[in-house]
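Right after this note come the structures.
First subunit A sits with subunit B, and in the next complex the same chain sits with subunit C.
Presenting the complex of A and B:
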């Protein structure tokens, strides 16, 4: 690595040194309490797969370039130089971390490893060593936002094609659109993903509740967030924010996607609209008697708390209430809620493929699902759903994985 | 030889005394007086033993060094520590805030109280590392007692009656800090903590361990042995009083006996501790609350 690249990377590093980051980098006492928090370490016990093991690579670079101690006595903290080998270690650390933040439940200081990994991810972009697939997907999302008109006709046609499948779940009232698009003044903007299974059940539920809603032209997923690129993250989120402001909606309901929810709810500033996870809407409709369901799931069902929605988003009880309205035999996993094991698919890993690593690093999750004794598992995050499905197949768990919205849509009672 | 010491001491006194006043001239004076006082004895010593002569020859220097450690260097290190802490806190807490909330859920009704609880009760460690937590709690409570014990040496503060030979805790506070510290040190030699420890972690614990052990020597000696430690708490209080009143007096005058050197080593380690503190992980004492607040707010 030449000196100019090194300087550029140092400058990038410095841009991340806000007060919280400095606290995270300078407070760790190497107590080791977090080591066992990580599902990757528990499945593959190597220090580089623990939260402190990952963060230490960043800390040792920080010590070398930004601290006096690192300059006068580098051996004291075993500093590391920014070079190609270090960049490879950054990649290993950052893209083996799903950003689940379970380690924050173990650390006596609450150090956020995901945030520290943000430095590694940013420097990887600077060194042109980030996962190119994520860059491509993020840039495609941004391009779509810059020229929404280009894809409008195709999008409308695709939506029209899936309307019969929505009707099969719920017969829309006469005179109402099955999947409303571009409705100014609607109460709710529902932001889905590209696959139709993220639209059909939600549309049925929204229609069943007779809600005033409209479907977003954009997909909720934020590849910029996976890349740790705050500029791309904002550009992708901004498409939806601008659309919500243009349509003057009161609520933006985010599809079952953990990262999309957290980005929109917490990481993009204040908005003139409310941001909710779709499950929160379902729970509200049920409580207000706007939709009615039957308990049509007799098989033992368990629930996976997606990290970004639960521990990092605070949505714990609504999914459990919704499940109580559709299933008669619910069994919690152990541990659950804020202590739940990450599925192992977050942080962009599912989008990147990485099947072998995802399976090896999530053995502990497979064991947890198996121990629940449930034949079915539901969740409210697309990434988690994909990962759990892969785990069930890989570890031969024989567990059927579902989206909670889909289960609700199939339990709707049309009176 | 002794004439040379006297001359050197006078020169130091002459050169520095006028400009710097107080402590360096005091150090020079000690050097000079020691040389004068021992000059007569040296004649006799020369006749009896070369080794004694060497010891006598060294003693003025030793006195000056010891005085520097227990008075001027102590002032310097404490001042350095305070300025260092303020500088570090300014650099860390004065940086721009994080662009978004970093909290985790369930959220606290009162983030401030939640962070206080995290800081002082360490519930995460109680849950996941109960033995470590027990030692940490004993250690930190004992540290507060230790601080009080040192303040108590001042004649104006009387937590334990002034006439008592005991420090606060009568030696138990020393056990309370030393035993957990040994645990903290030894757990660093075991996987997985060994794998993430760096030389700074070991050195810091070793420095503090020796600092404690020399303190224990005096405290345990006074509390747990029939004859005490030679120097009593009343003796130490005279030294502390001199420090508090900035008299720059040589504490050797009020701390008799050859055990004085143990106190000097204790203070030397304390000096080092104060100098190292702002740049070490001990700063977590000041960062624990603000960092825990991030998780709650």
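Presenting the complex of A and C:
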């Protein structure tokens, strides 16, 4: 690595050094409380896969360049230089961490390892060493926003083509559009993903509740967040924010996608609309008697709390209430809620492939699912759903994995 | 329009997000420059995803055909 690149990376590092980050980098006492908290370490017990092990690489670079001790006595505390080997270690640390923040629950100082990994991710972008697949996906999302008009007619046709599948779940009231698009003044903007399975059940539920809603032209997922690139993250989110503001909606309901929810809810500033996870709307519709469901799931069902919606988003009870309205034999996994094990597919790992690592590093999750004794598992994150399906196949768990919204859509009672 | 002959048909129906784009990104490198791949999908979002992907990666969407239950996207490798 040449000196100019090293200087550029040091400058990038410095941009991340706000007071919270300095606190996280300076207060770790190496007590080890976080070590066992990481699903990767639990499944593959090497210190580089522990929270403290990951963060230590960043800390040693921090010590080298941003602390007096490192500048005058670099041999104390084993400082390390920013070079190509260090960048490889940054990659190993940042992209073996799913950003689930379970370790934060155990740390006596509440050190946020995901935030520390944000330094590694930013410097990897600076060094042009970030996962190119994530860059490509993020840039695709941004390009989509720049040229939305070009695909408008085709998207409308595609949406019209899936309307019969919504009607099969719920007969829309006469005079109402099955999947409304571009409706100014609608109460709710529902932001889905690209696949139709993220649209059809939600449309049926929204229509069953007789909600005033409109479907977003954009997908909710944010690959800029996965790659730790705040500029790309905001550019992707801004497409939806601008659409919501143009349509003057009151609520933006995010599809079952953990990262999409957390980005829109917590990382894009204040908005003139509220942001909810779709499950929160379902629970509201049920509580207010706007939709009615039958308990048509008799098989033992368990629930996976997605890290970004539950531990990092605070949505714990609404999914459980919704499940209580559709299933007669619910069994919690242990631990659950804020202490739940990450599925192991977050942080961009599912999009990046990484099947072998995802399976090895999530053995503890597979064990947890197996111990529940459930034949079915549902969740409210597409990423988790993919990972849990892969885990079920890899570890021969024989568990059927479902989207909660899809289960609700199939339990709707039309009187 | 001249008829398009695809060297391979790729079945991406029912895949989870973002697998259609991940998979086409890998498949496009396996065919010769100028060759066309035919993608079958059911994702409404792919109508905009594929052109945006082509724009950012320098490939070409030759045509998109829709019918109930199926979206066919013809992708030409350009480089």
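Note that in this section the second predicted complex is superposed on the first by the 415 of 415 C-alpha atoms of A that agree within 3 Å, B and C clash if a C-alpha of one lies under 4 Å from a C-alpha of the other, contacts with A are read in each partner's own complex, and residues count from 1 in each chain.
What we mean here is this: a residue touches a chain if its C-beta (ideal position, glycine included) is under 8 Å from a C-beta of that chain, and two chains touch if they have at least 3 such contacts.
None of these values were measured; they are calculated from a predicted model.
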Clash-or-fit label for the pair subunit B, subunit C on subunit A: fit
Contacts of A:19 with subunit B and subunit C, given as first, second, both or neither: first
Which partner, subunit B or subunit C, touches more subunit A residues: B
Which superposed partner A:155 touches (first subunit B, second subunit C, both, neither): second
From subunit A, separation angle of subunit B and subunit C (C-alpha centres, steps of 10 degrees): 140
Contacts of A:137 with subunit B and subunit C, given as first, second, both or neither: second
Partner chain(s) touched by A:270 [first = subunit B, second = subunit C, both, neither]: neither
Which of subunit B and subunit C A:351 touches, first, second, both or neither: second
Which of subunit B and subunit C A:109 touches, first, second, both or neither: first
Smallest separation in angstrom, by C-alpha atoms, between subunit B and subunit C in the superposition: 27
Residues of subunit A that lie at the interface with subunit B and also at the interface with subunit C: none
Touch list for subunit A against partner subunit B, complex: 17-24, 26-33, 35-37, 47, 50, 52-53, 56, 68-69, 75-78, 101, 104-112, 115, 230, 266-269, 310-314, 316, 337-338
Complex interface listing, subunit C residues touching subunit A: 14-18, 20-22, 25, 42-49, 51-53, 55-57, 64, 66-69, 71
Subunit A residues touching subunit C - in the complex, by the definition given at the top: 133, 136-137, 139-141, 143-144, 147-148, 150-151, 154-155, 157-159, 161-162, 164, 192-199, 217, 219, 221, 223, 257, 351, 353, 382-383, 385-386
Contacting residues of subunit B [partner subunit A, same complex]: 88, 91-102, 104-107, 118, 122, 124-125, 128-129, 132, 187, 192-193, 195-201, 203, 279, 281, 283-284, 287-288, 290-292, 294-296
